[in-house]
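Here come two complexes built around subunit A, the first alongside subunit B, the second alongside subunit C.
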Partner chain A sequence: MKQAAPRLIELVEECKSLAFDLNFSYAKEWKKQSPDRLLVGYLPIYVPRQIMHAANALPVGIMGVGDRKQIIKGDAYYQSYICHLPRGIIEMALDHNLDDFDGFLFPSICDCVRNLSGMFKLVHKGKFTRYFDYPQNFDEHIGGTFYRELLETIINDMHLLNGVNISIEALNRSISLYNKNRKLVETIYNIRQDYPWRLSATDVYHIIRAGMVINVEKHNEILEEVIRYIEEDYGEPMDNIRVIISGSFCEQPPIGLIKSIEMAGCYIIDDDFMLGSRWIQDDINGTTEDPLNELVISFLTKSTASSAIYDVGNPRSARLVQLVKRRNADGVIFCAASFCDPALLDRPELQKACDAEGIAHINFQFHENTGQFKVIKEQAGTFSDSIKLWV
Partner chain B sequence: MSNPKEAIKENSMIIQKEMLGNLFTELSTAKENGKKVVYTFVPGNLTELILALDMLPVYPEINALQSGMRKKSGSYIKDAEKMGFSEDVCTYVKCDIGMMLSGNIGPTGEKLPDPDLLLLSYTGCFTFLKWFENLERLYPGVEIAMLHTPYQEDGTITQDQVNYMVKQLKEDVIPKMEKVAGKKLDYDRLSKMLENSAKAEDLWVKVLQTAKNRPSPIDSYFAGVYYMGPLFTAFRGSEKAVEYYQELYNEVTERLKQGLLPVTPEGEMKEERFRLVVEGPPNWTNFREFWKIFYDMGAVIVASTYTKVGGVYDQGFRHEPDKPLESLAKYCMGCYTNLNLPQRVDLLEYYIKEYKADGFLINSIKSCNSFSAGQLLMMREIEQRCGVPVGFIESDLVDPRYFSYANIKNRLESYFQMLGQRKVIMAQEEAQV
Partner chain C sequence: MIYTMGIDIGSNFIKLVLMEYSENSKIVDKHTEKIRKRNPTQVADEMVQLMLDKHGLKYENIAYLASTGEGDLVKRKRGHFYGMTTHSRGAHFFYPEARTVVDLGALYVRTIRINQDARVEDYKMTGQCASGSGQFLENISRYLGLSIDEVGEISLQSGNPEVSSGICAVLAETDVINMVSRGIKTPDIIKGIHLSIASRIIKLLGSLKAESPIVLTGGMALNKGMIQAIEETLKEGSKNFIIKAHPDSIYAGAIGAALWGGYRHYKLLEKQAVAI
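Let's look at the complex of A and B:
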């Protein structure tokens, strides 16, 4: 059996250390290279990173602390019935992990993240803090105008700090770089759809998550290199079922949980981890005289299915079914963070849609620092066996 | 725990009961009478628009809280959980869905009519959006209008935000409402209603401000939730609402003149030992027992944030008849849960100082992240800024499994002991000076 190339293993290891560096050393080092560079932290799920890139700022995904940091202060800021993600983030803020950041964006996903934006204001973190309240009206003339004004506000926040005026060429270049990034990520998923044994789900997770904390140029290089290696055949297929994970778009599951699902006999061939990196479902035109408008239009018309977006008229349940069919998956694992209202309120409807299409599914909940996976492994294993034996 | 006695009612409460009774009767015969029914939410509601188009509003949160008070919510919630809703999510949503599955019987025992329009005025609570997505699937084919209210993330309402909302109203929401109502919106009628709204709002603020007196003639939380009913729900904009608030104000003024304390379900309070400001909604499943813990200890709530979820009128906002849509937009954006955390802390600080409160208490609600996320930091801020003792209890809106009477009573008794001790020490210090 042919083994994975040593260079690929090296790349994955590099991504592993980048993905969970809670001191954001790479980003801080990047900022030191020039006085007009900025760091803008953002929470899950989606912000248009292109505007930051074009303004000489590094967008840095703050995806939570996972099981890598003991929460002491954070628990004193949140009641037991609130999800884990914000307590880890406030812990990082109070422990000075985020001190070099210039600004923070809190995308509209739920009331916890919304209120965390106010907590950052109260504890005076960042030179600017914005709740990124994207429109829930998708008419270009109404929601589009509002969204453009929102982007302009953030552009102005950055301009006030580094004096950079975003040129048309710079924004078009950023759009093209992120187009390429999404395409490369999609290529990895496409290869894994057919050959999931070539790269484990945890390896993919680390590779994609690393892209949240480094510049897009470097991430694109890593992705291209990874693709070169996984295009060649190696490893050995296992008798696993193929599943899609749904519901982990905000608080991220611990790596141990992802590993447990695969070890239990389920190849994860698609997921909504770090959904923001794949939010726009097509290329954005990077050649026009009004690139900001292209970002607006792409949000209004090409956003992925997400619990953060009002979906009447374009139900996410239908989109999940489509994804299952496109990926040729055997089933869906609904894997949501405890106390995650958006994911858990969507779950019954998504399950109903799966039932209607005869798609097998199971569900469980997690915290980002869940440490016991035995039960989940047994559940996923039984799910896998039931499909292999009976479907 | 003793059984609650029959509640003693003031005249304004009788008027309100009659108003609600009439509304539910109208709702029960809506289909026969060709009246269109709109399901919508309390914060950021567009009641004047609904009434100006001769439609009838139904508020799912009110259904849920009434189910809680009637001890029905527990089984409704379990029914929704059987459908796949997690134990972790908002119990208002689960109670509403469970109630619908059980025949959608309203508080008067009559069936609530199905909606002709789902009007999602999405203000200050992300869960509203999920709630209406679920309702849309339970009532397939019903017209839906969605009004996205931007959050006051920077502590102000910008002109861009107002423009966004007015455009949504003009080009999307009102045309859909007109389509369902089968008539054009009469802007003169709307303005007249907004004029009534402003009159009722003036009176409401005057009522609230009587609590600045010592002793306070009202309880701004437990009784406040009744007082706010007509203005926050189906009657804002109506002459009946103005009449109700005039009656309420007269009653409260009279109580003030006579030096009377707040009315409770067991009669007038005899002593005002503690003046408190409360943050967060009340628990509905055990509302009477919860209230009793306070009045038994002589604790009066002089200001609360929950009575601002349908508008923070005491900070100056009024509906404006000459700018109807702009005014509705600003109303939606100004509701309490649409304020950012620094604004909420500032408002609480103002209440504690202006109403000369002895303490600050948070009732943290498991179901309501919009209120609850960040409350522990708010509590610290208030402690630092105001130097008053702070208390923290936890319960839920309508899930009886999350109301632990003994635990809450124990905590509150300790808190009141602390407040009492502090008063003694402060009196001693004053005497020494």
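Let's look at the complex of A and C:
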């Protein structure tokens, strides 16, 4: 049996250390290279990273502390019935992990993240802090105008700090680079759909998450190299079921949980872990005279299914069913963070849609610092057996 | 006929079976190895290789090698089945009329209600406390200077069992130390431990709404003292269950894995044929 190339293992290890570096050393080193470089931190789920890239800023995904930092101060900021993500992030801020950051964007996913943007202002973190409110009206003249003004505000925030005026060419170039990035990420998912044993779900997770904290040019190089290796045949297929994970788009599951699901006999062939990097479902036109408008239009018309988007007319339940069919999945694992209102409130509708289509599903909840996976492994294991033996 | 293999990685022992899978499947060979302080992955791999060599087979000749238990420690395999699924199938292989399975493992006891096809309908298991487990019994036997293999017979000699805590392994171990210092006879101590474990099992069976016959599987299933204690406790509660334990009950998980592996092999072939 042919084994994975040593270089691929090396690449995954590199991505692993980048993805979970809570000091963001790579980003801070990148900033030091030039005085007009900026670091703009953003929380899950989505921000258009192209505008930051074009403004000589590095968009840095702050995806939580996982199980790698003990929360002490963060617990004083949030009640016990609030999810774990914001308490970890405020802990990082108070521990000076984010001191070199110039600005922070807080996408509108829930009240807790909205409150976190206020807390960052109160503790004076960053030179600008913006609550990034997605438009929920998809009319170009209403939601589009609102969204464009929001992007222009952030562009102005950055301009005031480094004096960079974003040119049409620069924004078009950034759009093209991120188009390539999304295509490469999608290629990895497509290869895994047919050959999930070539790269584990945790490896994919590390590779994609690393892209949140490094520049897109470097991430594209890594992705291209990974694809070259996984296009070759190696490893041995296991008799596992194929599942889609739904509900982990904001607070991220611990790596042990992803590993446990796979060990229990489930190939994760699609997920919403790093949804922001796969948000726009097609290429954005990177050749026009008004690239900012292209970003606006793509958000209004090409956004992925998400709890952060008002979805009447194109319900995410139907889109989940479509994804299950497209990926030829055997079932769905609803895996949301405890107290994650957006994911947990959506779940009944999504489950109903799965039931109507005869799609098997199970559900459980986690914290980003969950350390015990026995029960989850048991659930996933019996789910896998029930599909393998009785469907 | 095809060959299948099932390997059950427990916390103390690794169990391996080679089977001829057909409508009348049969065990070709079986082997158990205590892990001791060795690397379980390496032990498992060596066991498989030795079994293959012994029968002049290659890995490619095995249609499906299935793991169960801590299956991620097995590197060379085709699939994995969860312990509850495999023990149920193993018990059904021994006694097709089985409707309840009690898996007496090293770290927990699990009671499983199954249907006529060995499909799991419901289960109840002990929590993280160790006092209902085989490991606990092994620890106690070690304190008393006994081998785990002899505790069953010794328990049968008891005339006046001294029941210990059925709730907590730590308390039970303290109880045992006190019993020794009070001069309680060894058979009475052992029987008391068996009764204590049995009472926990009976509670699980009650909440499971178990049906007869009950088949015992796992490492403790052949412990005669344990079986007697379960039967006595059931009688005390006026419950008429038939208890069965097969001589190969320690292999139930591995047998179940091998049998489900065979089933999956043909199912996958069918799927491929449909796809073509």
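Worth a mention:
In the analysis below, the second predicted complex is superposed on the first by the 391 of 391 C-alpha atoms of A that agree within 3 Å, B and C clash if a C-alpha of one lies under 4 Å from a C-alpha of the other, contacts with A are read in each partner's own complex, and residues count from 1 in each chain.
The rule is short, and it goes like this: contacts are C-beta pairs under 8 Å (C-beta built on N, C-alpha and C of every residue); 3 or more make two chains touch, one makes a residue touch a chain.
Just so it is clear, the model here is predicted, and its values are computed rather than measured.
The superposed arrangement places subunit B and subunit C next to each other on subunit A without a clash. Shared-chain residue A:P342: touches subunit B; no touch with subunit C.
With both structures placed on the common chain, the touch criterion links A:W390 to subunit C but leaves subunit B unconnected. Legend: residue contacts after superposition of the two complexes on their common chain; A:I109 is shown touching subunit B, with no touch to subunit C.
Between the C-alpha centres of subunit B and subunit C, as viewed from that of subunit A, the superposed structures give an angle of 100°, to the nearest 10.
In this overlay, which is a superposition and not a single complex, subunit B and subunit C have their closest Cα atoms 20 Å apart.
According to the touch criterion, subunit A has no shared surface contacted by subunit B in one complex and subunit C in the other. Against subunit A, the residues of subunit B that register as touching in their complex are 83-86, 88-90, 93, 122, 125-127, 129-134, 136-137, 144, 146, 148, 150-151, 153-154, 160-161, 163-164, 167-168, 171-172, 340-342, 344-345, 364, 366, 369-370, 372-377, 381, 394.
Interface of subunit A with subunit C (complex): residues 238-240, 263-265, 378, 381-382, 384-385, 388-390.
Within the complex, the subunit C residues that touch subunit A are 64, 71-72, 77-82, 84-85, 119-120, 260, 263-264, 267-268.
Residues 76-79, 81-82, 86, 108-112, 114-119, 121-123, 130-131, 133, 135-137, 139, 141-143, 145-146, 149, 307, 310-312, 336, 338-342, 344-349, 351-352, 365 of subunit A are the ones that touch subunit B when the two sit in their complex.
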